[in-house]
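Below you'll find a set of structures to go through.
Two complexes, one shared chain (chain A), two partners (chain B, chain C).
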Partner chain A sequence: MSLYSGFIYFFGILSIFLGIMVITRKNAIHSAVYLIFCILSIAGLFFLLQAEFIAGIQIIVYAGGIMVIYVFTILLIKLEVVKGLKRRWEIKLITAIVFSALSGEILYLLLRKREALLPEEYGIAKGTVQAVGSYLLRDYLIPFEVVSLLLLVAMIGAIMLSRKKV
Partner chain B sequence: MIPIGYYLILSGILFTLGIIAFFIKKDLITMFMSIEIMLNSANLAFIAFSRNLLSINGQIVVFFIITLAAAEACLGLAIILLIFRQRKTIRSEEINLMKG
Partner chain C sequence: MELFLLFIIVGLLTLGMLFIGAILGPKKISKVKLEPFECGSPLLQKEIGPFSIKYYMVALLFLIFDIEVAFLFPWALVFKRIKLTAFIVILAYFLVLIVGFIYAWKKGAFEWEE
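Moving on to the complex of A and B:
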């Protein structure tokens, strides 16, 4: 096993562990901190998959921007420690069905569909700022502008929602 | 080299964790965090396919998804703060205004 594969397995197992820690903590601020580290380990996977620009965006926007909004919201809300894992039985049943279906699909892929797991030749997929930027401003120019409009709408909506008098 | 199936399995596991957290959690903020986990698993699948197919279009889609997640977190958390200010609770079972 090469060093590359070792890093891939390390970040993958780390992200699964941190995801489990996110959904099992009772205090929401602990969940938020574990989620930050889960996002950082997924960013490490993006680096190893040669999507360097997206990995940087993941660290800056997700771990640096979105999670700060989460932490501030948790600090603004007086959060009683909610007892988790105590739902009505219908919701428990739905959770069990969804969990068994999804994990059964994963196990089926792992056990039966071995040809999807065969190694293949990798070339070099350039995920640098230059490549992504040229695609973004040449082929995807209109979606780029639409997304900037979406961010403007979200900003105006958040300002409108967070006024004192609504 | 790690084949693509393992990335898809990792993505599926993370998506399953997100769905379970969305169902079993009681406060709205943790449910939003589980949505972030699900978006991240989708991003991982996109990046793995982008690497596998030697195409950069998947990375562009991930860029747009991250922008969408930023807008969603901004608006959703503003709505949660509004609900907390009016109802003094963020537990999802006690927000039953539509129940009549």
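Moving on to the complex of A and C:
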């Protein structure tokens, strides 16, 4: 086992372990802290897979930004109210379906179509920031501009939702 | 390869420093030391309580501008190669977002008082 695959295994097992810790903690804040480290270890995996831009975004946006939102959401709700709630069976059913579909897909890819997991054969370049930039500004100009519209919609939505007088 | 060595050395160094600190450092635990630290002031409340929604909006706006800036990194690295196109593209990108910025400002999203 080379050093490289050792690191892959390390981050993979670490992120699975931290993910299990996230969903088994009683205290929501503890879950959030474990989720931060889970996200960071997934960023390590992205980094090892040479998707450096995604790794950076994972750290900046997910660990830095979205986790702040999660923590604020936890702070905004009264935890005593949530503790008493029973999970509805519809949500359980949807979770089960999504989980089995996703894990089935991953298992299928691992067992049957392993070659689909190797991006080089499909002409996908390395995910360095530079490569992503040249893709964005050469082939995906319109989607790049649409991103700004999407962010605008999100901004307006955030302001609309969190203010009483609109 | 150098990167992995860096990871290993930094990891071992960190663990070693923590270990040495745990062994050699004096341990004097007192009640004050074990309290959660809140900017040096006395604790306002014991547990996590309900929060003002304004914090949430600040967090949401922070996240949006965060993502906005994240797209600047790939742009900045290819700017030297595709000069004018890149400039026009980012100009249009920011024009749309400045509309949102002005909207947020006009709606008083950056003001704390109602």
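We adopt the following convention: the second predicted complex is superposed on the first by the 119 of 166 C-alpha atoms of A that agree within 3 Å, B and C clash if a C-alpha of one lies under 4 Å from a C-alpha of the other, contacts with A are read in each partner's own complex, and residues count from 1 in each chain.
Following the convention adopted for this analysis, a residue touches a chain if its C-beta (ideal position, glycine included) is under 8 Å from a C-beta of that chain, and two chains touch if they have at least 3 such contacts.
Bear in mind the structure is a predicted one, so any value in this text is a computation, not a measurement.
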item: Contacts of A:V33 with chain B and chain C, given as first, second, both or neither; value: neither
item: Touched partner set for A:L141, first chain B, second chain C, both or neither; value: second
item: Partner chain(s) touched by A:L75 [first = chain B, second = chain C, both, neither]; value: second
item: Partner chain in contact with A:F99 - chain B first, chain C second, else both or neither; value: first
item: Touched partner set for A:L149, first chain B, second chain C, both or neither; value: second
item: First (chain B), second (chain C), both or neither touched by A:V132; value: both
item: Chain touching more of chain A, residue-wise (chain B, chain C); value: B
item: Partner chain in contact with A:G56 - chain B first, chain C second, else both or neither; value: second
item: Partner chain in contact with A:M21 - chain B first, chain C second, else both or neither; value: neither
item: Which of chain B and chain C A:S162 touches, first, second, both or neither; value: both
item: Residues of chain A at both interfaces, chain B in one complex, chain C in the other; value: 4, 53, 57, 61, 65-66, 69, 73-74, 76-77, 79, 132, 136, 147, 151, 154-155, 158, 162, 166
item: Complex interface listing, chain C residues touching chain A; value: 1, 4, 7, 48-51, 53-57, 59-64, 66-68, 70-71, 73-78, 81-82, 85-86, 89, 92-94, 96-97, 99-101, 103-104, 107-109, 114
item: Complex contacts: residues of chain B adjacent to chain A; value: 1-10, 12-21, 23-27, 29-30, 32-34, 36-37, 40, 43-44, 47-48, 50-52, 54-57, 59-60, 62-64, 66-75, 77-82, 84, 90-91
item: Interfacial residue positions of chain A with respect to chain C in the complex; value: 3-4, 7, 29, 53, 56-57, 60-61, 64-66, 68-69, 72-79, 129-130, 132-134, 136-138, 141, 144-145, 147-149, 151-152, 154-156, 158-159, 162-164, 166
item: List of chain A residues in touch with chain B within their complex; value: 4-5, 8-9, 12, 15-16, 19-20, 22-23, 28, 31-32, 35, 38-39, 42, 45-46, 49-51, 53-54, 57-58, 61-62, 65-66, 69-70, 73-74, 76-77, 79, 82-87, 91-92, 94-95, 98-99, 102-103, 105-106, 109-110, 113, 116-120, 122-127, 131-132, 135-136, 139-140, 143, 147, 150-151, 153-155, 157-158, 161-162, 166
